[in-house]
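By letter and in written order, the chains are A, B, C, D, E, F and G; residue numbering begins at 1 in each of them.
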Amino acid sequence: MAFQILLNLTIAFFWMILQNSYTSFDFVIGYVIGIAIVYFLRGSLPQTFYMQRVWAIVKLLCLFLKELVVANLQMIRIVLQPKLKVTPGIIAMPTYLDTDWEVTILSMCITLTPGTMTMDYSEDGRTLYIHSIHVEEKQEVIDDIRNHFERAIVEVTK
Amino acid sequence: MMNNLIILPIILPAMIGAILVFFSKSQQIQRFISVIAMTAILIASIWLAIDVYNNGMRVIALGDWPIPYGIPLVADMFATVMVLLSAVIGVCCLFFAFRTIHPDRERFYFYPFYFFLIAGVNGTFLTGDLFNLFVFFEVTLLASYILIVHGSTAFQLRESFKYLAINVFSSMFFLVGIAYIYAATGTLNIADIGRRVAELEQDGVLNVIAVVLLFVFATKGALFPLYFWLPKSYTGPPAAISALFVGLLTKVGIYAIIRVFTVIFHHDLSFTHHFILVLAGLTMLFGVLGAVAQYDFKGILAYHSVSQVGYMVMGLGIFSPLALAGAIYFMVHHSIVKAALFLFSGVAEKITGSTDIRNMGGLLKTHPAFSWLFFITAMSLAGIPPLAGFFGKFSLIVPGLEETHYVVVAVSLFVGLLTLFSMMKIFSHSFWGRQKHSSTQANIKTGGLLITIAPLVVLTIVMGLAAEPIFFYLLDVAHEILDPSIYIESVLGE
Amino acid sequence: MFEVIMIVALLVLSVSLMLCIARALMGPTLSDRIVALDSFGLNLIGFISIFMILQNTEAYAEVVLVLGILAFVGSVALAKFLERGVVIDRDSH
Amino acid sequence: MELLMSVVVGVFFMVGTYLLMTRSLIRVVIGINLLSHATHLLLLTMAGLKTGAPPLLNRGETEFSDPLPQALILTAIVISFGITAFTLVLAYRTYKVNKTDDLDQLRGSHDE
Amino acid sequence: MSLMHWAILLPFIFAIFVPILYKYIRPVHTGWFVLIIPTVLFLYFLPYISSIANGETFYEAVPWVPSLGIDFAAFLDGWSLLFVLLITGIGALVVLYSIYYLDKKHEAIHNFYVYLLLFMGAMLGVVLSDNLIVLYVFWELTSLSSTLLISYWFQRDASIAGAQKSLNITVFGGFAMLAGFALLYVITGTFSIQEMIGQADVVINHELFLPTMILILLGAFTKSAQFPFHIWLPDAMEAPTPVSAYLHSATMVKAGIYLVARFTPVFGGAPEWFWVISGFGLFTLLWGSLSAIRQKDLKGLLAYSTISQLGMVMCLLGLGSAALYFDEANELYTVAILAAVFHLFNHATFKGSLFMCAGIVDHETGTRDIRSLGGLMLVMPATATISLIGAASMAGLPPFNGFLSKEHFFMAITDATQYGIFNMETAGMLFPVIGWVASVFTFVYCCIFFFKTFAGPFNADRFAKTVHEAPVGMLISPAILGLIVITVGLFPNLLSQSIIEPSMASILNGLPMDNEAFAVDIEHWHGFSAELFMTIGVIAFGSLIYVSMGKWKELSIYKKSEDVFSPLYDSSISGLIKGSQKITNVQMTGRLRDYFAYISVFFLIVVGWTMIRYDAFAIDLQYISEVNSFEVALVVLLLVSVLSLPFIQQRVAAIVMLGFIGFLIALFFVNLRSADLALTQLLIETVLVILFMLAFYHLPELRKETKRLTFNWTNALISFGVGLMVTLVAFSAFTFGQENDFSPISEYYIENSADLAGGYNMVNVVLVDFRGLDTVLEVLVLGIAALAVIAVIRLKLKEGDDV
Amino acid sequence: MKWKTNNLLFIHVTRVVSFLILAFSIYLFFAGHNDPGGGFIGGLMTASSILLLYLTFDKRKIDEMLPIDYVSLISAGLLIAFGTGFIGLFIGDPYLTQYFDYFTLPWIGEFELATAVLFDVGIYLGVAASALVIILTIAGDQ
Amino acid sequence: MTEILISILVLIGSFLSLIGSLGIIRLPDIYSRMHAATKSATLGVVFLISGSFVFFLSEGVFILQLLFTIAFVFLTAPVAAMIISRSAHRNGVELWGRTKHDELMESYPEHLEPERDNEKADQP
């Protein structure tokens, strides 16, 4: 991936030199052209096209932002309700993600999204302890995270 | 450019202090560099003093910025006297420290702190900018805080915390005063403030500001009733440090008072200077009563330091040429004598293992040279002629009577008597009487220590016997101080 | 009008800051106070952002970023201290 | 604004002084810290708070706030930081060695 | 420097060599070397007698501190010469005596001789200096050397106490005298006595005359052991006897007499002078003689006798000053001066010999207690003989010199009743009466001295050692003095023209020189005058009292030999120490909060008072910039945080609150247009909060102030005052600054930052360019703080690890 | 009592963040003469970033990674700051005189060279090192 | 037009910040409060910064630092949340009475299990 980005950047700069114009606009043009070139040459490159991964990231981000907004709406509701209607709890959630980086991203997402917050890991780092503000059903919370975030993260890293 | 000579007494110790940090593990290298550096500072100070005496006031605009905008260093005769003084005291205390302090202190930046303190003190003497004065004060104070607590014994920690708290409190008011001055005059340069203040007609607010600054400097200088920090904090650290402090630290406050109240606030003498006189009298009195009450060698000396501050300020309060010359003479005399006395307390402690004079006795029998050096110094402190202390007192009494300040003169004489009384208390308890220390202690050789103090003792004798050249010079200094236009015009180049 | 809105926002933020202060005073645990401090820092970022608009100067951009950084460093340091009794471990755990 | 700030500074001084007169080491240190804040604010206030642009010359402004007090305060802040840090350590060690943070118990006897 | 200056300095210079001689030439008693000095000096001054007798005076000035009006001016006239000869002559005898008195093997005699030479030089300086300050310098040196001599056996408590007492009292007088001299300088503009004599009118009529006179007399009276300052002299008897003979009878104690006589030409015409001198002298005479008879210590008796005799001389000088009032050297007045000078000399001779004899007795018997002594006449015949001569002279018996001066004394005090000034007709009648009574007691103690020691049966068992006559060397000096006593007694006019007349001329300086009045002619027989009857009465009553001593002995006043003023002195010294401790402990409580309270109250009073006195408060709304609503909100936030601090009971909460305050202040900095400040503030505040937490987390919880609530209110009130003051002065300073038209220097920075310093961030330009020194110093502060933190945390020494 | 802690999230984030802060601090330092920033602020920011590293990892690891003696660095900073003041002395100007000039280089364009930057480097080093020493010493005494 | 956008951003931002702070006040235990602090306060500040960013963008100034700040806040908020809440938990800060599970506590080795006591948690 790093090589591809470097290649892309080189193309962008090459474009700017050709244009003999060094504005950010030229850079963007050059970069877009670079993406196209790399896309077409992807077969000759050892890894999958990095823009695929970028796309996955964008999807993850969108999911994340959506959840974040939801989380805030939920928080507004909780806070502004005259009576507190919460049943918090701390639950353990084993994850099937492999690398530390993946777990890191997962735990960040968990924290910023509705009702949940990562509090700790097990020693091997593959079980997350999550504080949830609504634990009607423990498995429900876990499944929710599984379906949304773990999948999206795997998309990015696979 | 000769003007750059002024920076040496400040920058040299500061840089040496920094360099010494690199060698904190090596006692030998640190001592070697310290000696070389301290000697260089002494030479530079002498050179500067001679240069200023021959060629008049030296002013350097640091950074080459035009004067009220940048920071100038100003070396007039008054300042050079003080700088020279700090170098002399510095040399003696340094050598004394070599022979007395614990090696652990040397590993924990004793020498850097020492040089930083000297840099700070010299800076306060030489700076021509009020805010810069504050900064130098802080350098000095911080170095003094750490030197006082260096070693971290329970007593040191306890007392230095009080010392620090009170001084920090007054530093805050220094900043407050600077803020007021800047609001009222729009400038920070001391000469420029002096010029602007002289042009203003209304003086009520200026008097208030003057009093705020006086409050600040009086705290640093340990005037009544702001001296609470001094007595115990001077008894905690090793003798070399106490001596250095007493030689330099309160002088910084007094110097600032004299500087500020001659260059800036001299327009309402009847008010400010009378007030100063009242403080002076009370300071003398309460200080000496403290000394009379004590039985701790260093404690007596420390309380005397309070008392003697009163004399210095008395000179300013009287505000005549002779009185000012006397005040400066007294500052020099007191630094020398009291530094020597504190070092002697170290010698006594080294022999007897105590600083309580009730545990001492018969030192005259076992250590006659030490005893007589102490005696001469003690008599000088008490103002016995023909030693320096007498001329200090004399040059305050005569102008005091000339200006009809009878009460403060009476107090000063009474305090002189009590000073003698309490110095004799030390002498009669520790040096006379039956020997209380063991025969092994009696055989402790003190020659190496005494040789470092002897120059100070010689100085106090010489300053007395050769008072003429000194007063001839100091009267010049006093005339220079009394005419603020000399300072202002030299600095502002008008 | 625009300025009024900005000022209203500032006042809202002031209330928010006040609530943080209240939590810090109420406690009851150190953790609560750390949370309050953390949130306080974040709210200040918002405050300064609005100041930038009001004063029409980008001079505080660095301040905003620094504040973000410091709120983080501070909270982490305090929390770690609370957890382990030290801020800096001598050795690996 | 200058009036308001002066009052704020006064309140700082009031509380700071009050804390200095308490028995607890930490309160004294806090008091010192408050006082230093107060002096910084006062320095700023005393230069006049008439609004100009921040003192940056490359932003096309012509009216500026007074840069000098800002520089002075910056210096003062750093100095207070050094002093406060040292004070803290001193208080900390005083507590550890003397086993108390009560200044009344840190009086020492008259006979030392 | 003239030879006379070198003469004064010679003893000082020689003193330096004494320890060397002592150390390297042990076989020879150091006293032999020292003896050279007074002998040489005596021989040097002796020839001056003739020229002085011819009315010459000698004046040699060397500038010493001319900037302060201090010249080392040596002035020699008749009065000085008398003293110089006493100092050197008796000095030589005393040194000779001491060679036998002090054992070179067991005593630290080098100390003794250094002190003695120091004294000799100082005493010469006192009597030869014309400049008052130089005189004062030597004056204090005599006190100092006297103290050192008294403390010669410094391991004895009594020596230390006596030394300190003498120092305290004489230096007290010395300091007062210095002030008097300074006042004289203020009045006359000179320190030269000779110049002052010319301005005597100015001095007497000056408003400062009385304080000046009193201050100077304090010096003279303390030195000359005048009532009530006499108490140091008996305690000074702890000194080795040569010292007592020399300093405490012959020379130093007469310095006060010297000074009073010296100043008679300046002050003499004033009634105050007349009364104070003669009155105190008379009373001292009586008190001394009364006290002397109560003494059991031989030297104590002599000490009180000295006090008494000095009082007599003082009284005579006072009476004689009337001559200056009349501006006429009538014999009616000058006889007092004559008597004073004559008795001064006589006293030196007989008292010197008596002291030496007492010393011999002490030396040979090991005691000076008259209750143990007795019958020594047969064992020590030479000593007894010399003592008899001295005692008889002191008692005023013919044909010894004491008789002559006593006669003149009676003449002078009876004459004084005829002065017709200063109410002498009425109150003056007391003079002859008291003088006579005192003389009776003088006679009595002379009897006690001689008979209790030498008469009666001798009982060898009473003494610790075998008693025998003193070595010849020891007897030489008292014998010479005894010889003088007799010689002068028989040929009184030996001294008349050589010594007494020139001295009188000095004391009555400025009077019209009427040769008649100064033509001294002393005769043994001048008819059946009042004086003769008074002498006969003295002998008669004196003998009666001595014979009936057995009865008086039972009186409690006799049993207690201590002077009533001694306990007064002792209690005032201990009172001083206790009082000082009390005063010191009241303010130096060791409580930081007390200190802050004192300091704050002081600040409050001083600043507040100044503001009120100068009506300095000023406020003008037109200069004030506007306030926004959110600024008010911010201020409220800040005030809430700050005001909550004193009420917070958990330290962590307080620390967090401090963080809030710091952050809010950063916000203020932003509001007040300062990005750099805000950045710095934020950074530092964060670090500080962390540090606070580190340092204080383990401290005990903040306790509630346990004191009464009112106490807290006091503190609150004080702090409120401090805050108020800061605010009020801030208003005023700001308004004041706006009203004047000085432009702040910062305009220069705005104009020149970019062009001259090449920077656009003015704050940074000010920091690194315009005020670079501040900046590097603040880093220095930070650096010191860092090193200091290391040192405080890691360096752990124990008390007494080093000095 | 010792926690077996898994600091996964913390370590991974601070690894990134602390270097970002370090870069930012250097930016602040250089921005100083024309924008908010400078030696002090840059120095303190650098100290914060290193502090963050210490917070995240242990002392030994960081000491290995950054084998710097901060105490000496304080001195070095001070010496640089004090030392640059001497530049002016060689051409007869007063102490602490600073010089600057604009240069034009191909590719880079016009830029400013100022002795004040060297001075500021001294400040930067002094401040950063001092702050770190203070914190690390206190933290090390727990 | 941009002014309206900015106004909306700023108002939402300040409102969310307020919600965050209200949450800190209202929610029953430190763990729930942590939610409010991380979610609302974070988003609130992001909105405010965005408002400022847009304001200057409309004036033609692109302030990279503001974008960095947004990224930074997102990056660090979860870390802070985690370490604060974890430290609280390990120090024995009580959970709200109606809390259902505490599986974290169950995972602790026995000798490290903290006592639940808020008073003590504030003071070791």
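Just so we're on the same page, a residue touches a chain if its C-beta (ideal position, glycine included) is under 8 Å from a C-beta of that chain, and two chains touch if they have at least 3 such contacts.
Per UniProt, the chains are A = Multicomponent Na+:H+ antiporter subunit E; B = Multicomponent Na+:H+ antiporter subunit D; C = Multicomponent Na+:H+ antiporter subunit F; D = Multicomponent Na+:H+ antiporter subunit C; E = Multicomponent Na+:H+ antiporter subunit A; F = Multicomponent Na+:H+ antiporter subunit B; G = Multicomponent Na+:H+ antiporter subunit G.
The shown structure was predicted, so the numbers you read here are calculated from the model rather than taken from an experiment.
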Where chain A and chain G overlap in contact partners, by chain label: F
Result of counting contacting C-beta pairs for D-F and D-E, higher pair: D-E
Chain centre separation (chain A, chain F; CA means) in Å: 34
Length of the line joining the C-alpha centres of chain E and chain G, rounded to whole Å: 78
Length of the line joining the C-alpha centres of chain B and chain F, rounded to whole Å: 37
Separation of chain B from chain G, taking each centre as the mean of its C-alpha atoms, in whole Å: 56
Junction residues of chain G, two or more chains touched: 20, 22, 34, 42, 68, 72, 75-76, 78-79, 82-83, 85-86, 90, 122, 124
Shared-contact residues (touching 2 or more other chains) in chain F: 3-4, 9-10, 13-14, 17, 24, 28, 34-37, 40-41, 45, 48, 51, 71, 74-75, 78, 82, 85, 96, 98, 127, 130, 134-135, 137-140, 142
Per-residue overlap in chain A, given as positions that touch at least 2 other chains: 107-108, 118, 120, 122
Partner chain B, residues of chain D touching it in the complex: 16, 20, 25, 28, 32, 35-36, 38-40, 42-43, 45-48, 68-69, 72, 75-76, 79, 82-83, 86-87, 90-91, 93-94, 97-98, 106, 108, 111-112
Chain D residues touching chain E - in the complex, by the definition given at the top: 1-4, 6-30, 33-34, 37-38, 40-42, 44-58, 64-75, 77-79, 81-86, 88-93, 95, 101-104, 106-110
In the complex with chain F, residue positions of chain G that touch it: 68, 72, 75-76, 78-79, 82-83, 90, 111-112
Chain C to chain F touching residues, read off their complex: 59-60, 62-63, 65-66, 69-70, 72-73, 76-77, 80, 83-93
Chain D residues touching chain C - in the complex, by the definition given at the top: 53-54, 56, 59
